[in-house]
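One structure is given here, and the rest of the page talks about it.
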């Protein structure tokens, strides 16, 4: 594992420090920050790191642009949601749901993988966009199963809810209850999933993926069955996204099209990967952090800014908290302007390899 | 020297391909034996590269078949053929431009050893691969530039890497498509000497497309001439080159051409 | 050693003909699908007047889709730029048109076809000019940096789309604005059991004119050629002494102006406009563009008509399937022709 | 004085690309109505010199004069409009356009035709054969022919050609030599990069040799061809040895 | 004194921005009216904390948690979208605090998905459907319905059909189309085919949310040639502009500022015109009702304790711009009047006016009980 980390970690010391800070910050959130919002942001941050990294596996490592990645996230979440909606919430049911979700995801990914081989990249990107939008409509039409637009609200195993008290006393000022258990279940699962992806990327398989992205034609000519590699990468990336969806469903205790399937989520993930740096995997951590913090706290900051600016007519209108999306749009643009290779790509190349000669 | 009684390493039978109304390769039948170097010559657009494409599977043939050690390759993919022992260096350089020179070679060696589907072991633990890559870098004179992205090599360097990637695959049949095109007087010999040493080892079947007559004369055991997709002539270099039809089609009126 | 010698064929001579009979051409084959689809639907529908109503309405809807998609296709086909911001220009076009029409309220309401048309025309032209100018800035600031990189194009134009939409909120507010049709285009024409919405007649005329104009520009001028060449190898076109920069800007502005016209048409059709109008229509625009072959004007036209017709027939015969009808069409077409109905370029490597 | 006989003059030209200092003070002249050969090993900066003249890469220092007028700093299209044609090293074919469209772009007039076209088609009959084909499907050598045809379809004052013989069959090279000769007879000035020494020797009047981003030799081709020692010193091998 | 905190958790940004603003303005006016302008109750100032769900249920949920746990609000109000509301419901139960839903409409909020901490001042889908059934359901009337093919559309039509029972009117055709439909020719053709040969009064009832404007598009197919008329519910003012071609159309609405006849509404209209230059709109009235309900509940229970508040509010009757409302004890849904209207057009008024035909009092509507707390 250490070797895999050594091979893939960005070389730049500052980037490494930032990554470490983020990981520690998330793990110790209950002690470092007050309030439910911080805990929620940290949990969702870890889930999105997994989702964005799994998307990077597809986009950054195989060069496949897909807008249907949130679909797999959604399948994972809905599998859990539907299971808990129909059966008493328990870990057995959860396991069955995970297996079922993975099954469906892999099937869908396999079919989409086959399509992706038949059409040009850019066609594929737009087809997936259409498929993603059809999926949301499908979810709304199958409302008996999915709860439609309104989504599903369900109970989760009691040990993961605030009602479950593990210790009676607070530990350094933090209540140790089911919610905290849930938080750590999410955070540590995310870390494990991320590390598995790191290993895959550092493996010979990961190396082939990079080759496919660079020159598919050449990779074939030296004997790689590009079809098999692409499909495997698509399946892997779908599987990780599905598992991220499972964590999301557990954490939110609600699953609906807006929170796990919408195009907005897809675009957020795309932006996370791009801001962080495509093909770096670690970029997902930085990208997800930037975006989650922006979503959770940008409005508040803008409100403060507006108070300062006060009466300046147009400017204060632009600074109004209601216009936070405007600034998100500018973030898109800025990321392409200033970090076309992403933060990680910009500030550091890959780690230096052992000298060959 | 060619005895047609034994199975040749590589054989094409009535191999043809059409694009629209244009027949680019027209019923070409040919056998290639182990340890020989066959030069393929012909005017531009004669179908040399296309012939290679048909053999190595980059293009599907409209008719005819390719046999490797007697086995028909049929609709096998390029990847399959590469694994079966058909190696190829391209006329237009095909590299992994943003990967380092060493990584370009590592990928090939890894492919040869069939290590691609390992998900768990760190790639940097493949010591055997690295050792082989070091040797290769020496052979193509790129040892000093191992960690440079391939795209930053000069034209000559990229051509050498292109050849090096085929060597790394160590295939039974090696096909070179104008390996020295655009190389300067001092660089071309590096590649040519490399080809010569492979030939002298006597284990491989080499196909070489070249326009430079001096190169052909010094390397080839046999020449086949393609013109308009058809096999025009096939034989020993001196003999073929003296045929009037070949001189007219290929070398130009003055015979020797401006090589 | 045997030496075979075969007769030489000259390399020169007559050009090699590719099969060029009209029924072999992909655009002709695709064009046949439109009447074929209509004829197929006739026995299924059963009732002739219902069929005619659906067919005419579908064709007209197709024309409207064509107007909205043409600019997107144009920009992609010529410049290889995937402009998600197209949706923003559809929205902006609708809002500019709306603002102008609001000023011309009396002309819009008066019972005179010509004044109505004038009001509509002014609104459309103003919207096109305004969006054309805005897109100039859009190109300069955003698109210019990302030529040749689809992913970056998607991101940066998506950012542009969000910003533009938010600016609509800033300047026009978040309400749904009613944008009523000119008096002469309200209601329908009627012959017996057959009705045809008057407004759709306008869409048909405009769509046909636009199609003819675009085809003419590309068949009879070198513009299309230069821009396609410029996308492939910009340095080379400059080496022939052309100002590729300016050509690109012009095409981009034209594409956005078409979007604006589409926005005005759509706003008046829906009679309500919102800031996310463009975004909500973009998926349909994409689907039409892909079916058509991303970049081919003929393909776009045929695809738009097919989408218009199909959604009407399916909506009538099996409403449950209406949702999947266009996506189904997309899948079927791409299985048949992975590059779309009329592949934009038939060469490439 | 030299402006009278020199079509193009470079004085201490420096070019930086991506932070690399590629041209490090290039100075040479291209005499009017002659063929000037630019020789040198791989990677010494020949192509870079051509690109700098064309304005495709900006020079960071020094001056380039065409007919006595400074052209450094001008955008490519302006340089082209002053009568400079260019055949780049990678040929710059528009792969998705047909052969005829490729030529149509290069020609100023609306239609294609006339004597000049006939001359070109006689030179490269393959172009006629594949007239309506996407140029991307041409063979390597056919692409090279198209690139040259495109550059000369309109008469030009100065023709820059980067390795025209690369990948061409001997018979075509011979035709090329004839073609360049007739262009020279039409009073076109030619600056050519070549690795094919035979061709260089047959065509060249004037000669410039580069090494490491600088000019190391300038003189007449005839003198150079007669001096094998100098050849192996500058090019690594004598020109004879290469045939 | 410590302020009494109320959170307004709603979709301030996103496609429903316009509704959100109305709702918030209404809420603030409601608080002001109910406290007599002092913004104080029980001797403590009221502090309203705004939170933007961005129409994301996950956000809504976490914001509501934040409001209850960190801001320690007494009660929360909102949101606009039903999806967000449904996600928020369990949070109220977990924290044991009140969530007053306004203006999300899904029946299940005060139905199977609700809990005893949920109250709703806004109308639910059934109320809309039933009111319309009362307004247009006369003997001999033949009705075709057009709705979106998802839960909201299908549930609404079911409630409408149930409410029509016994009225003598008959539904002859139900048409459902995908939510994103914008060409209605096919749907129109099917509906006209179903209705044209019927006798008597023929009505198409539109039950529609969001864009697409089906009425305008069916109108362009000349329904008058078969004597077919249209009916639908009310809408916000800017959407009423689109009703102009439908002079004489009838239906039932939740609110139009000229319809109610009471002092509170007069105050609201006057204040709104004064402060914003426009009359109060569809969602303004609901927001105000929520504000009034909150203050009344606090006043009457004299306490900020949740249990005390629930006790007070169950069965509580209170006055709003829509007249008297009553929180039904079983499901905490506020029963309220609706307004039967007929469209007319007047010069100088930008929108079509839904002129009041008759107020449908709450007793007249039999709204299914969602749950029994």
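All chains are identified by letter, namely A, B, C, D and E, in their written order; residue positions are counted from 1 within each chain.
The rule is short, and it goes like this: a residue touches a chain if its C-beta (ideal position, glycine included) is under 8 Å from a C-beta of that chain, and two chains touch if they have at least 3 such contacts.
Chain identities (UniProt): A, C = Branched-chain amino acid ABC transporter permease; B, D = ABC transporter ATP-binding protein.
Please read all numbers here as calculations on a predicted model, not as lab measurements.
Novice: Which neighbours do chain A and chain E have in common?
Specialist: Expected: C.
Novice: Measuring between Cα centroids, what's the chain most distant from chain A?
Specialist: Using the mean of the C-alpha atoms as each chain's centre, the farthest one from chain A is D.
Novice: Can you tell me which chain lies farthest from chain C, using the average of the Cα atoms as each chain's centre?
Specialist: B
Novice: What whole-Å value do you get for the distance between chain D and chain E if each is reduced to the mean of its CA atoms?
Specialist: About 77 Å separates the centre of chain D from that of chain E.
Novice: Would you kindly tell me how far, in whole Å, the mean C-alpha position of chain D lies from that of chain C?
Specialist: 43
Novice: Measure off the straight-line distance from the CA centroid of chain A to the CA centroid of chain D, and report it in whole Å.
Specialist: Using C-alpha averages as centres, the distance is 53 Å.
Novice: What is the distance, in whole Å, between the centres of chain A and chain C, each centre taken as the mean of its C-alpha atoms?
Specialist: 34
Novice: If I count partner chains per residue in chain E, which residues reach a count of at least 2?
Specialist: Residues 17, 149, 178, 180 of chain E each touch two or more of the other chains.
Novice: Give me the residue numbers in chain A that touch at least two other chains, ranges are fine.
Specialist: If we look for residues of chain A contacting two or more partner chains, we find 137, 141, 322-323, 325.
Novice: Can you list the chain C residues in contact with two or more other chains?
Specialist: Expected reply: 11, 16-18, 169, 323.
Novice: Using the touch definition up top, name the residues of chain B that touch chain A in the complex.
Specialist: Contact set of chain B toward chain A: 56, 58, 77-80, 82-83, 88, 90, 94-100, 102-103, 106-108, 110-112, 115-126, 130, 133-134, 137, 143-144, 146-147, 165, 168-169.
Novice: Taking the complex as given, what residues does chain D use to touch chain C?
Specialist: Residue list for chain D touching chain C: 54, 56, 75-77, 80-81, 85-86, 88, 92-98, 101-102, 104-106, 110, 121, 125-126, 128-137.
Novice: Would you mind writing out the residues of chain E in touch with chain A in their complex?
Specialist: 12-13, 17, 52, 54-59, 61-63, 65-66, 69-70, 82-84, 86-87, 89-90, 94, 106, 108, 113, 149-152, 154, 178-180
Novice: Hey, which residues of chain A end up touching chain C in the complex?
Specialist: Within the complex, chain A contacts chain C at residues 59, 65, 115, 118-123, 125-127, 129-131, 133-134, 137-138, 141, 267, 270-271, 274, 278, 314, 317-318, 322-323, 325-326, 328-333, 335-337, 340.
Novice: Touching chain A in the complex: which residues of chain C?
Specialist: 82, 142, 145-146, 150-152, 154-156, 158-163, 165-167, 169-170, 283, 286-287, 289-290, 294, 323-324, 327, 330, 334-335, 338-340
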